[in-house]
Every structure is written in structure tokens, then in C-alpha cells.
Amino acid sequence: MPLSFETNMRLKFPFMAISLQLSMIILFGFFVGYENDGNYVQQINATNQSEKSLELYPLFQDVHVMIFTGFGFLMTFLKKYGFSSVGINLMIAALGLQWGTFMQGILHHHKKFGIDIKSMINADFSTATVLISFGAVLGKTSPVQMLIMVILEISVFAANEYLVVEILEATDIGASMVIHAFGAYFGLAVAGVLYRPGLRRRRHDNEQSVYYSDLFAMIGTLFLWMFWPSFNSAIADAGDHQYRAIVNTYFSLAACVLFAFAFSSLVEHRGKLDMVHIQNATLAGGVAVGTCADMEIQPFGAMLIGSIAGIVSVLGFKFLTPVFATKLRIHDTCGVHNLHGLPGVIGGIASIVAVALGATNKTTMANQAAALGTSLGTAIVGGLLTGLILKIPIWGEPPDQNCYDDSVYWEVPEVEGYSHYFHEHDDHSQLQPEA
Amino acid sequence: MPLSFETNMRLKFPFMAISLQLSMIILFGFFVGYENDGNYVQQINATNQSEKSLELYPLFQDVHVMIFTGFGFLMTFLKKYGFSSVGINLMIAALGLQWGTFMQGILHHHKKFGIDIKSMINADFSTATVLISFGAVLGKTSPVQMLIMVILEISVFAANEYLVVEILEATDIGASMVIHAFGAYFGLAVAGVLYRPGLRRRRHDNEQSVYYSDLFAMIGTLFLWMFWPSFNSAIADAGDHQYRAIVNTYFSLAACVLFAFAFSSLVEHRGKLDMVHIQNATLAGGVAVGTCADMEIQPFGAMLIGSIAGIVSVLGFKFLTPVFATKLRIHDTCGVHNLHGLPGVIGGIASIVAVALGATNKTTMANQAAALGTSLGTAIVGGLLTGLILKIPIWGEPPDQNCYDDSVYWEVPEVEGYSHYFHEHDDHSQLQPEA
Amino acid sequence: MPLSFETNMRLKFPFMAISLQLSMIILFGFFVGYENDGNYVQQINATNQSEKSLELYPLFQDVHVMIFTGFGFLMTFLKKYGFSSVGINLMIAALGLQWGTFMQGILHHHKKFGIDIKSMINADFSTATVLISFGAVLGKTSPVQMLIMVILEISVFAANEYLVVEILEATDIGASMVIHAFGAYFGLAVAGVLYRPGLRRRRHDNEQSVYYSDLFAMIGTLFLWMFWPSFNSAIADAGDHQYRAIVNTYFSLAACVLFAFAFSSLVEHRGKLDMVHIQNATLAGGVAVGTCADMEIQPFGAMLIGSIAGIVSVLGFKFLTPVFATKLRIHDTCGVHNLHGLPGVIGGIASIVAVALGATNKTTMANQAAALGTSLGTAIVGGLLTGLILKIPIWGEPPDQNCYDDSVYWEVPEVEGYSHYFHEHDDHSQLQPEA
């Protein structure tokens, strides 16, 4: 069996995880302290509301739930990949929030800096990009590859975010462009480089949901859906801006749900609803309203954006994803292009229209267009380069027949509790090569 | 096969969902803006605490979790109806919060109005009535029927709420009467009109839980239980009233749990506990203490109310629900009468006693009794009329043999992941008529 | 069959539950009111921030979620014991929070006292000790025994907490010692007294997870992990102390995750990850940083503590737990020694080091060492005495062959939904003795 399918992680995975964590501790020892310690500059100029008060803390916790429970459970829809979805999601986010804290702090301060609630929110945000990309390559990569992707993607993200906010002075309060579109296209670029012709011929046996895995995924969907107003408002200016971000996101998501249900029924066999659409497309309204969330777009404007996002997302799942897999040789496991990619682009375009209509005077159409362009550009270039590094056949990626299967990297419960459920007449083709 | 069992939703469901959502966007365009925009009157006179601060936002988010995760997962106890429970719950609430925002805003302002956190809480509240009624008819109705019920029930709810609060000047801070009793009796009235003799003879094969579906339901139970203090205090006056609503609900629920466990064991075979009681009756204390939640009833008074509610709820599940199904020809799928109906009435009665004992001077015994009476009356009349409309045989309701089965309206995973779980020797009697 | 295996709970369980709940109502009637009622002393001197504001309420709700959803679902990993895990967890916590409110209030005030958010947080905290001990005896005890343990353990806990805080004047803001180490060693002492040689020979058939029960357990893990910063900061002094408790816990947990993953892979067969470690050891960083959470240990110091805790916890699960079961005759079902015991002790020791390094001047090394010693001592003595009481063979504990099986105390769904899942060729050895 080829070297690339040596999936035994005993040496390389612990070595890499420990090395990275020790590096974080050392970096934090030199560069990171508490806000207002005297020795440190503040992470972000505290608005009145957040100075040592807990006002932003509930919003941080909502975002925290989205990152760990939302993203984690959303990806448990695969019948045999729940451990990895929720477990590796936790690992990615735990490393990512440390690296994101460091990268964003250093870029904005160039020296020692202090932590406050807002920097914790930004740290959580930075992990979202990797979790979105994780969705594109879910089931086809190893935990070692994901550790590498965390470091590379968050570095590129932090640079692009700095560029968009500090240099281009664009606005993207809910991060439609710098997180959602960025994470999706970065992940698609990685998935393209890592494309496996062997998975192309037919849908992989494991790449399916079962009844209860679809219910677990709904836990993720709902916590993302419910807390999205917090995501889009968490770092908004206190007062009217933050209020509008909450209200607009609330109504955009509501409108998106109705259109996602309607179009799911329209495009499916006999008008039935498809769980993939309900799990994902209902969230597109949260993504798409992100950039404009704190602008005076009015509730009905938010609902229009959400409606369009819901429609585009369902149509993307139905018609684009298959084309991507076959024609473009990009296999997008979770369909992040439809949940984060297209709605993120819609969010950027919506902000250009909103500026044109006078919904804000904090930015210009050109700034917004430039922000969208650089976000897509850095995502694709960064993703391609990252994909090339991940393609080096030493990171323990799974062989084709073991894709989407926890048992490659996890101890899984024995037959009567596991295989029994899924493969009563298991042909044992899923056994690991070494066995 | 009769017209009424044409369950193909391709045309009518998308058409209705899209029409309703477009109507919402148009209504919001004309009538709804942001609070304090200058162009709009305020939704509710802001207390000092809520003026553009985020103090109420965490309470809103707790209520939001109750509506979407709490109600949604509570109903996943049926073995084959989890997609509908959590999915249609999302659809109902997404439409309901828009319609509730509009109806309540127009009734209270008669003109353009603005959105703030409190109006979002009230919008979420209004959806709760429909979700309670949904529980009574769960498994026996189509998504199209539920869209209709959202519009009709929230209209009646908003009218009754206006009557109770503005005209009768009664108090019902935790909405025992105007939400819980109202939603339950409305749903029972609908269920009565839609009664299916064919489901009467014996318990439907699908109307059962399996082991893991009962665990999913506990997700719903716990999030409802934990956040109920937020539900009962979210729109209370800031300060002492809000504090009391939190404290009273906390202790009422705790006492309710012990009595629900004790009585479940008392009435069941060999003293065993019944998951139906644990999932539902443990919550009755939150319902029953609602109307009195912000009154000075003292913690032990709250515990008494919770205790009574827990007992009544278990006894209701054990003895009343079967009688309702057989004698009254009202089949209450989730037993909402025991969780919301009876405890809601207890809540109203408790408030009359509390007024008599001097726990509040904000209302009178007559006002409270009138509020209880009108809530029950409008619920039953509204439910009967709604039931008649839903009975028109064009809304795609499922035939008897396909009740409580997601596969009528949803794409469900294939045999090895679905039927395999539930019906190893499936007699295929569950297949859709068209198949 | 022997008296001790009479598991019919019809008489004793309801009788005890009702008696205890009525006692609580009576005690509350005499001793408990609202804060600032005039008639009552305040529970705790309110800091400016918490006086009738809701600032602490979101932290309370986070802790509340940890207690009910976090602990409840964390224990659902056993394939046949999910109802008990999440259900009896609810019952324990509901009784415990009432008894904890009373015990802590009386100890600190010696007379009538009032409830505020902080006392609700402390009440929830007190239940955590019992829930930790519950983990040690999970599957081997009856609900009646758990009711008794609630009353006894919280009494001892409240006495020890009073001793540590008021007499020794030690600091333990995140309760590494007074809750985590205390709860673990109390539970281990109970488990030692209740040791069953019959369960020793081989791993019990039921003492295993299945695929989906491990996913349910991850719901518990994640909600504990995400909200741990709230647990460690909820009763900290407002301002810098509370901020530091949040920041330190956030980073300690993140570092802990990486080391837990790395060491899980290091010690397992072929470098695979073990769900037991991911579910539990990833949380050890929250426990261990507890005592020092509000001290100026710097983020990298918190990360060091979390790293050590993650390593020790995984090694404990792998090497210590089997030794405990065979050599010490202490069978620790959930491995609470590795999640709460050892990390709790690490937390106490870390605080001694932190004092030595000047990270705080609120306590001394001697005070901290004394607090650790008394916490361990009272836990072990209290646990041994409680174990002796629970060993009296009248509390309906399950016979060996029915351990870890919900069907002893719960109505469980019929064959096709339950046994079918787990035991296609069930040998019926699991049937209850009476059957």
C-alpha cells in the first residue's frame, strides 16, 4: 500500500499537535497579556459599553456556541463521520482561536497586546474560516492535514482581514466576505487540489446520512440559526449599529427559511423537502445579510437579501454542487459553496447596492468591491497553495475506500453498536487496509 | 384515492410559502422600521434598561432557543417524525415571528412602528402559541395546513392579547393564559375538528418513540426547562419584578420536577418512570407560575404552584389524554393539554388566588378571571373555525396509514439507514399510496 | 431473590421524593424570601454590577446549561443508560438546587435570607458536586439512593465550602477544590463502599457506548467546554478579576484540547483517538484552572495549567482507572477521578504555586494547602459515611446483571425500537429478575 495511505497517526499527529501547542504557549508568553495591565496596549479601543463590563460577553458566548456546537454538529450528517465532525471541529477551533488571537493581535499592534472580550470574539471568528473550509474537505483528509490548514488559513485570513479593514477601509460587520466567502473559496481551492478521481465514479457508500445523523445535524443548524444575530452584531459599534445588526439578521434569516422550504419542495421529487436544504440553505440569510447588517437597509431590505440567499442556496445545492464535482473536479462535501460561498458573495454585492442606495456613509462602493475582490483572490490563491502542501503524501490522509469513515482515526464501538446499525450485511470492504 | 390524500406538495406548498413571504416583505416595507429612527414610533416605551443597551438581548436569545430548539426537539419523540418536528417547527416559527411582529405592532400602534429587542421577544412569544397547537395535531397535518394555521392563530392570539392587556388590564407576565392555555385549547379545538376515526381503533404503529428519539426529545425538554425563567421574566418591568419572575420560575420548576418524578413512578407499572412524563410534566411548573411570576408570591408559593402543576400534568397524561381520544374524539399527539392547557389554567387561577392574598396590586381578581375566560373562549372558537378551514380537503393532509411519518413530505435516507432501524420486517403498509 | 434487589420503586421512591419536596417547601416558607424585601438580609453583598441588574444573569444561565445539559448529556455515553443519565441528572439537580440554596443561606446568615442571581449560581454550583459523584456510581445505584446522596453530600459540601471560604479564607473562585476535587473523591469513596465484586470479573455487557450514544455525550462535552469560562467567573469580583477568570479559562481549555487529542493518539492502539478522552479530558483544563482563574497568571500560565491537566487526564483514563477498579476496588463509571479529581487537585496545587509566584495577594500558600486538604478530607470521610448509608439493602439498587440498564427504573420503548438496536440476538440475560 502506498505511503500516502499510512493512516497510523501515532507519531506524526501527537508530535505536530504538541509542537503547535507548545509554540502557542511560547508565543503567548512573549506577546499576550490582559487588557489594561499597564504593560500591554489594548486590543481594540474599548467602546464605553465594553470596558470591563460584561455586556459583550453573552454575544461572545453565542458566537462560541456557533463555532463549537453549531459548526460541529452541522457536519454530523454523514452516517459514519460524526466523531470526526464534532471532534476534529473542536480541535481545529481550539488551535485556531489561539493562533487567531496571536495573528490578529500582532497585525494590529506589532507588539505585546492584551486580551478582552472583543479579541476573544475575533479569535472565534478567525476559526470560522477554517471550519468552513473543513466542510469542503470533510471526510477526505486527516487530522494532521487539518492542523496544518489551521495555521496556514488563519494566517492568510488575518492578512486579508487587515487589508480589508485597515487598508481598504471597507466595512463587513457580519463578515460575509472576509469569513464566509473567504472560507468557502479557500476550502474549494484546497478541495480542488486534493481532488480524488477515485471518489468520482459514484457516490461513496459512506457519503450519506442516516435518519438520526440528520437529526444530529439539525442541532448544529438550529444553534447557528438562532445565534446568527449575535454573530453579525458582536463587533458592531454599540447602540444603533448593533441594534440594526441584530434586527436585520433576525428578519433576513426568517425570510430565508420560507424561501429555502419553498424551493426545496419546488426542486425535489414529488415536492418533498430535502434535509440538506433545510440544514443549510435556511442559514444562507445570515451569511448574506452580514456585510450590510448594521446599515439602514430596513427590515424589509434584510428580508429581501435573506430571500435571495435562500433561493440561491437551494439552487446551488441542487444544480451547482453536482457540476462542481464532475466538471470542475471540486468535490465539496458539505456544500459550503452554497451555504457560505454564494451567500457571502451576495453579501458583498448587497453592500455595494446598499451604499449606492445611501444605507450607509461609512464606506464606498469601490471599497466594498475591492474588499470582495481581495477576499476572493486571497482565498483562492491561499487555498491553492495550502492544497499543494496538504497534497504531500506524508500527512496520513485516508485511502478512497475509507473516506467518510471515523474508524480510520478513531476507536469506534464494536459491531453491535456501530456496523450493525449501518451495514447489517457489511461486505467488509470498509476495513482498514492494514487489517 | 381521495383528493384529500393527494400529498404531493410541489405546487401548493411552494406557492403558499412564497406568497406569504412576499406578503410579509411588502407589509414590512410599508409598516416596519427601526426603533428611534425618527420616522417611527417606539414599539414599547423603553424602560431605562433597554434603551439601546443589550440587557434584554440575552433573555431574547434564551426565548429564541426555547422556540426553535426547545419546542422543535421536544416533539422529536416520535420514531419517524423527527424531520417534521424540528423542521416544520422552524418553518412555523420563522413565518410566525414575522406575522406576529406585524400583528402586534399594528394593533398597538395603528401605524408604522419600529423594532427593538422587546418586540422581537414578543414576536417569538406569538409563535409559541402556534407551536403548542402544532403539538396537538402533530403527525396528522400537512405543512400547507400549518402555514394557514400560523396566519389564523397568530391573528386571534394578537387580538386576545390586546384584549387581555389593553382592555381588561389583566396581568399575565409569563403568559400562562394568553400563550399556554390559549395555544393548547386552540390546538385541541383544531384537533377535534380534524378528528380521524381511522386512527381511533388502536394506537398507530408510528405513534411511538424509540430509545434515541426519546433522548432527542430530552434536548428539547432541557432547553425549555433551563430557559423558562427567561421566558417568564423577559418582558417584566426591570428591577424587582423581573428579579421575582426569575426567582419564582426557578423554584417552581425545581419543585415541579420532584413531583413529576414521584407521580410518574406512582402511576406507572411497577413504579417505573415514564419518559413522556419526564419530558413534559417537569415543565408544567414553568407554565403554571407564569401569570404570577412577577408577583410577591414568595419562593415557597412558587414551589407550591409548581408542585401542583407537576402532579396535575402527570395525572393528565395518564388518565385524561386517553379519555380525550376515545370519549371526546380529540386526539392530542403531544399531550399539550397536560403540559400547556391544564397548567395554563392553573396559572390563571393561581393569579386570582394571589390577588386575593395581596401578592400584587396591579390587577384585580375579576380582571384575571376575565382574562382567563376570554383566552379560553377565543382559543376554542378560533380553533374550531381554523379547524373547519383546515378540514377543506385540498391542503394535502396525509392518509391515516401515513400519519406520523416523515416520508410523506420529506426525502428520507434509504433503507439501511432508516427503515432498517425501525422495521426490519417492514410489511410495507407504510408505503405511500402512490407507490 | 434477595431483598436488596427489590427494584420496584412504587412505594419508596415516590414517598421519599414527595417527603423531600414538601420539606423543602416548608423550609423555604420559614427561611427564604426575595433579596431586598426588607424582611430579609441579602444573600451576598451585592457588588454594584449585580444590584437588580441582569449583568450576572447570562452567566447564571450558562452555568445552568452546564448543570442540566452539560452533566446530563455527558453521561449518556452508555448505550442503555441514557434515560437515567439525563433524567436522574435532572432530578438530582432540581432537588439539589433547593437544598443547596437552603444550606448555603443558613450557614452564611443563620436566619431568614433572600434570593438573588448570585445565590442561584451558588445553588447550581452545589448541585455540581452531587452530579460529579453521580458519575462515579452511574449505573449501579437506584434513584432512591441518589435522593439520599443529594441531601448528605450537599450538607457536607456546604460545611466544607463555609470552612474554606469563611474560616480558612482561601480562594477557589472556579471551585477546583471545593466542587471538582470534593465531588470526585466523595463519589469515589461512595463507589468504594458500594463496590460489587460481581461486576469485577469482566467488563459488563452494558457498560459500553454505541456510536450514537457517544455523539449524545458530545452534546454534554461541548456545552460544558463552551460555558466553562462562565462557571469560573460567575462569582468572581466584578471588573478585572472576572475578566481574568474568563480569559484564563478560555485559553486553558484551548490548550487542554490539543494535549488531550495528542495524548489520546499517543496511548491508543495505532494512534487512534478515543472518544472517552475527547469527551472528558478536553474539559480538564477548565477544572484545573479554576482556583487560579481570577489571578494574574497570564494567558500562557493558564495554557500551561490546561496542558498539564489534559495530559494527566488522558493518562488517568488509560492507566489509573483500570487500576482503581481492580486493585483499589473502586469502580469509577465515568472516570470522574480523571476529569474532576486529579485536575481539581492540580488546580489546588497550581494556586499554591501561583501564590508563591506573586499572582495574587488575596490568600497565602498555607491557606490554599489547608483548603485542598480539608476539601479532600471531608470529601472522603463524607463519602465513606454516605456509602455506608447507601449500602443498607433497602434502597432498591439494581442487581449486577441489570446494572447500566434503564429498563430497571424506566419504561423503555419496545423491542423494535430498543433491544433491536443493541441486541439483535439478545440472550435475555438482561431481563429483570422478576420477569
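Before moving on, here are some points about what is shown:
When the chains are written out, they are named A, B and C in that same order, and each has its own residue count from 1.
The criterion applied here is as follows: a contact is a pair of C-beta atoms (placed from the backbone, for glycine too) under 8 Å apart; a residue touches a chain by one contact, two chains touch by 3 or more.
Model, not experiment: these values are computed from the prediction.
Contact topology of the protein chains: fully connected, every pair of chains touching.
Under half of the residue numbers at the interface between copies chain A and chain B are found on both sides, making the touching surfaces mostly different.
Taking only C-alpha atoms, you rotate chain B by 120 degrees to land it on chain C; that is to the nearest 5. One finds 33 Å separating the Cα centroids of chain A and chain B.
Each of the following residues of chain B touches two or more other chains: 55, 58, 212, 219, 421. Those residues of chain A that touch chain C in the complex are listed here as 8-11, 13-14, 17-18, 20-21, 24-26, 28-29, 32-37, 52-55, 57-58, 61, 64-65, 68-69, 72-73, 76, 82-83, 86-87, 90-91, 94-95, 97-98, 115-117, 120, 143, 212, 216, 219, 409-414, 416-418, 420-421, 434.
Here chain A touches chain B in the complex through residues 49, 55-56, 58-59, 62, 79, 208-215, 218-219, 222-223, 225-227, 230, 238-240, 242-244, 246-247, 250-251, 253-255, 257-259, 261-263, 265-266, 268-275, 278, 282, 296, 298-300, 303-304, 307, 421-424, going by the rule given at the top.
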